[in-house]
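Before anything else, here's the structure in question.
Just so it is clear, A, B, C, D and E label the chains in written order, and each chain counts residues from 1 on its own.
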Amino acid sequence: MLYHLTGIRQRFNDRTVLLIDHLEIEAGRIHALLGPNGAGKTTLLRLLAFLDAPTDGLLQFSGRDVGYSRAELLHLRRQVVLVDQHPIMFTTTVAGNVEFGLKVRNIPKPARRRAIDEALETVGLFRYKQAPAKELSGGETQRLALARALALKPAVLLCDEPTASVDIENQAIIAALLQQINTDHGTTILFTTHDRVQAASLAQRTLILENGRPVPTSHENRYTCTLVTDTNGTIHYNLHGRVSLSVYADTTIHPATTTGQVYIDPEKITLSRHEVQQASGSQVIGTIVLIMAESGKIRIVVHVGVVMVVLMDRTAYERQRPAVGETVALHFTANAITLLEQNDQRP
Amino acid sequence: MLYHLTGIRQRFNDRTVLLIDHLEIEAGRIHALLGPNGAGKTTLLRLLAFLDAPTDGLLQFSGRDVGYSRAELLHLRRQVVLVDQHPIMFTTTVAGNVEFGLKVRNIPKPARRRAIDEALETVGLFRYKQAPAKELSGGETQRLALARALALKPAVLLCDEPTASVDIENQAIIAALLQQINTDHGTTILFTTHDRVQAASLAQRTLILENGRPVPTSHENRYTCTLVTDTNGTIHYNLHGRVSLSVYADTTIHPATTTGQVYIDPEKITLSRHEVQQASGSQVIGTIVLIMAESGKIRIVVHVGVVMVVLMDRTAYERQRPAVGETVALHFTANAITLLEQNDQRP
Amino acid sequence: MSFFVDSFTSAFRLIWTLDPELLTIVRVSLSVSCTATVCAALVGVPTGFIVAYGRLPGKRAIITLLNTLLALPTVVIGLLVYTFISRRGIFGHLDLLYTQKAMIIGQFILIVPLIAALTVAAVSRVDERYRNTAKTLGANAWQTALVVLREGRFGIAAAVISAFGRVISEIGIAMMLGGNIKGFTRTMTTAMALEYDKGAFTLAVALGMVLMVLSLGMNIVFNLIQGKALR
Amino acid sequence: MSFFVDSFTSAFRLIWTLDPELLTIVRVSLSVSCTATVCAALVGVPTGFIVAYGRLPGKRAIITLLNTLLALPTVVIGLLVYTFISRRGIFGHLDLLYTQKAMIIGQFILIVPLIAALTVAAVSRVDERYRNTAKTLGANAWQTALVVLREGRFGIAAAVISAFGRVISEIGIAMMLGGNIKGFTRTMTTAMALEYDKGAFTLAVALGMVLMVLSLGMNIVFNLIQGKALR
Amino acid sequence: EDMTLKMSTTTSTEASGLLDVLLPALEQDTGIKVKVIAKGTGAAIRDGIDGNVDLVFVHDPEREEAFVQAGYGTRRYAIMHNDFVIVGPENDPAGIKGMTNGAKALQQIAATGAEFISRGDDSGTHAKEQALWQASGVPLTGTEAPFVYPENSKGWYLSVGQGMGKTLTLADEKLAYTLTDRGTYIKYAYGRDIPIEISILCEGGDELANPYGVIPVHPDKHPHVRHERAEQMVQWLISARGQEIIAGYRLHDQQLFFPDALTR
């Protein structure tokens, strides 16, 4: 195990934003870190990059406790590089930015030059070599930040949304690159992303954070809803004014609740074709917009007014063979729908 | 027409990064602006937001020439709001950031308060209202930037990668939101993105920039390649060391060329099933990873060692019904492959 | 060093007994220095701001000029102002020489370049995106400027504070234009110079200590006002 | 104003004829001011840097203290140094009083707080991400500090330049610790003060103009060295 | 407001403390308040020329005369005098102890090359020193007319261009000779926290007299000056009452100034 986290807690101004009882990160693999905004992904990466010390808990790296003495930190940081979510460039040229990490490692000049050229070429920025780094466009900046890290050939590469504003061609190049340095040099890679396609295709292991805590699966299909009582007195969830869902019998609802959050388990949705009948409480009609493979399952995105994700087994998919553009009906099995939060913010 | 651009040119340090002979942007629609990194998307948005004046050319807004006098600019800017790619927050609270635009418009205090609360709720940041804006996470910051713009109910909303680091649930919320203000208030929306799914599902019109110039379709499937001569003396394109393609007979190749860029037209690729034979020069084997609908066509992403996009007609798709996970062979029709650049950087 | 102990005792006594002469001197010092600082800030901050923020031609030349003016010696400023407000000068009839106003004018000239130059440095460092964000959110030129000012406030405050330190400890101009007239234009520093001339070193240093206490007090007040400006 | 015309002519003549006495004075002024500025920068910049950048307890208190020290009057500094290096002081045997070294010591004390305080302001404003980026790229503490310094160089340069302006135009300390001895410790400013005391205003202002020319030259050189630091 | 006058004077006058007893008495008797502006002799006279003050109180007879001649002052009133003394280190390397003739003393200092500090600031004291050098017969050089100094004086003759107090401090520090007025010397020798250690070695000669004069600024040149008040003040100064106070002013048990108006 490369990293071993025990009882890690990170607080900012009395708010705990990270709380990890136990987590291990294997060496030599590519890991994806998923989770909604504010889940603590960046906070975790900063811990793993030894930039912050945790408020509480024990962090072990390569089997040894991390001690946060200055000399030790330097030694550790030379093995781990973090590429920021919104990277900042030093006020110098593009080449100068890449050179920095090499210079502080006392790499001799000719080797440095070669490494710079190589790194810039891999991210397609060679022609901007002498340009001031601050003048690059958003995606170019992100690629330069990656090049700056890659040139150092670190043992561990932590990337905070490495392709968030990178164009498609370069996304592919970067993905290929990460895969390549992983296989060629055994570099451990941990990257955050909101793009499940990327996570699924690139990572060998996926890690999901929610509210600072690791969770087994990600809560997709989470919607803010209003609770509407119809003329019969039955309560429905109304999603963004577009979709109406009936409330599962066991759900207790506080009388004052008018808004809340519902979660629809994507594995508890079944999909049937051709049934062009009226939508009822436990069934909604929509169009398939996307189908993709994802770690042993098939992910189907259906537009039902809101975007809803269905996860099918490969066998079920092979059997049914739904196609993009088809109109389908979604059925919800019992307890597919959970009311996560109940609130009444407006009086 | 809301915007009317004629002969617009933008230069930075003697480099032309934007060159638009003619472009019109319709009012009341949602437009997506696509293009690789450095294509000039941000540069164009800054022109449309009246933040920069073009080096050359004529910009018309609502049928009138934009004159760049101070008073006129203020008037124009009050109708158009740009949400930055990497937004910066004023050193104050979350609420204070949203309040700014309302304050400068002399909105009275109670109305201001209501608008702030509403904007923060729509992007799901209400509970951070009094927190210092600089402490928000990356995606939260991006959402706050959007809230800051939405609160102003502008006639035109320009968003530079509005969901680049926003989580999936909020991406959906933001997409729904943009659609809603477009229908409810007739707000013209122009957003940049690298996410074709988003562009296709949200925008009514798509605009593609490349090298600062508008182009009819996007050049996907563009790869950096090395030219390899095999034992027979035949030249092949080698893509990232993974895929080998034969060179189309008409292509002229300079003798010194060792690397270059090839483009494979996604509409000139055909796809056939079940043919599990050896890959030959004009055929490659891969696995379908994604299928999605995109403005009348179906987009199929195939992993063949590199990621390759195939665009099929809906009818062809309906006929063939390829499925995710299937192994397929890709065939390239004549002149599907173009050598875009020839270079020899390394001696 | 017994000398400093004596000075300290003496300073303590001066403060403790609220020596009336000392009070007058302190009042003069404070009113002159504060007025000069406020006036200079009102001119210097906008000047520096415009230089840093505006798209002026010859910006670098202006900055070099401002930096040069930092080396304007008090004697020259004193003489300059003297020439204008002396009885023979064109403003002679206003009878300004040897008044607090004259001192304020001189000290104003002394610190305007300082405040302006440091404001330039502070404002130049503010990220350009603040400006663009303010503009696109509909701020007019003035409101945009205020945003940039706000973001650069830490550096600007440092400029003003250092200017205040400069004037309250300044002697040359106070002496030449104020005349060190007891009860009217005698400040902490000119009194100190006089005590020094008299050979009363202990008293001179005691006055210096009182000045430091005063300045400390002012800075604590500044600090409280500035509040959360410090990250 | 004929007075300024006369001064100007006189200044021009002084420079044109390369008046040997003037040359000596200029040499003394420059060598003292430059040495003091360089030494003070070597101490003040790191001090300010550590205060702004380090995670010291009582940071705000230190900043307030630095700001207070900005108001340290030259008389007090002069007396302080005097007490130590006078014949009777503990460093009396070094025979420093009335030498250029003494002036340098005094002026050093004068501007260290100025440089430190302005460095604090400059460094505080540097985005924290620079620091983290340098660290994660493997820079040691020293290299990380250099990155932050580099990014704050515009403000730090302003601090040093304003300190230089302060010392080259300073009179009190130069007078008290240097003694204004002709040919040895007479500087532009003490010469100016002398001419003023003599009532030779024209010559005083002429010297002032020479000083401004000198300072302009220095600033142009600074500017060239600083090069692209200005955005 | 009408009863206030502005008077420019030399630093030594103010620093002596005399004005602190003289002016309150003046105010008590006549109601005249005086704003005192102390600076170098040259600058003080310059204030009179420019009309910034109503009267000047200095000690440089030659320049005072010129001031009156040029029409800036109405008339010079001799108020008081003290005297100059040559002070130096106790061990007296030039051997001038007990001499009364200042010029001779200077000659001897020059001969032995003992360190000598000159004020070099064109003040009254400096003017006196220049006169003494002229009289000493020591070969002199110097480019500007009033500024002469002994030939081959590099190394022992230091021109410092400062006020009397600072010059004395400097001489004491360097254990050198210098010419000073008695008043300032007494303050520094007896009144200072750290008394200076050099002592009076040469005193008493007629040529060492240091006369102080008061000159009201001429209303013809500067109509705005309060000439009548100034005249009233001068009359008080030369009156028996004023002169008594001057004679009675003692510092550290030494009389500093000797009234001139009553005897002349």
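As a working rule, contacts are C-beta pairs under 8 Å (C-beta built on N, C-alpha and C of every residue); 3 or more make two chains touch, one makes a residue touch a chain.
The structure displayed is predicted, hence computed values, not measured ones.
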Legend entry - Between subunit A and subunit C, the fewest steps along chains that touch one another: 2
Legend entry - Chain pair with more C-beta contacts, D-E versus B-C: D-E
Legend entry - Interchain centroid distance [CA atoms averaged], subunit A/subunit B, Å: 20
Legend entry - Centre distance in Å when subunit B and subunit E are each reduced to the mean of their C-alpha atoms: 87
Inset, instruction - Compute the distance, rounded to whole Å, between the mean C-alpha positions of subunit D and subunit E. - result: 35
Legend entry - CA centroid of subunit A to CA centroid of subunit D, Å: 54
Legend entry - Junction residues of subunit B, two or more chains touched: 86
Inset, instruction - Two or more other chains in contact with one residue: find those residues in subunit C. - result: 3, 176, 196, 201
Inset, instruction - Going through subunit E residue by residue, note those that touch at least 2 other chains and give them in order. - result: 39, 163, 166, 194
Legend entry - Touching pairs - complete list by chain label: A-B, A-D, B-C, C-D, C-E, D-E
Inset, instruction - Write out the stretch or stretches of subunit B touching subunit A in their complex. - result: 12-13, 35-39, 41-42, 85-86, 121, 124, 126, 135-140, 143, 160-161, 164-173, 175-176, 194, 196-197, 201, 220, 222-224, 240, 287-293, 298, 303, 306-307, 314, 317-318, 321, 323-325, 345
Legend entry - Residues on subunit E engaged by subunit D in the complex (per definition of touch): 39-46, 120-123, 154, 158-163, 166, 170, 172-175, 194
Inset, instruction - Using the touch rule from the top, collect the residues of subunit C that touch subunit E in their complex. - result: 3, 6, 86-88, 92, 95, 97-98, 175-176, 179-182, 184, 194, 196-202
Legend entry - Sites on subunit A touched by subunit D in the complex: 46, 49, 51, 70, 74, 77-78, 80-82, 84, 86-88, 90-91, 100-101, 104-105, 148-149, 152
Inset, instruction - In the complex, go through subunit C and note every residue touching subunit B. - result: 127, 129-130, 132-141, 143, 147, 150-151
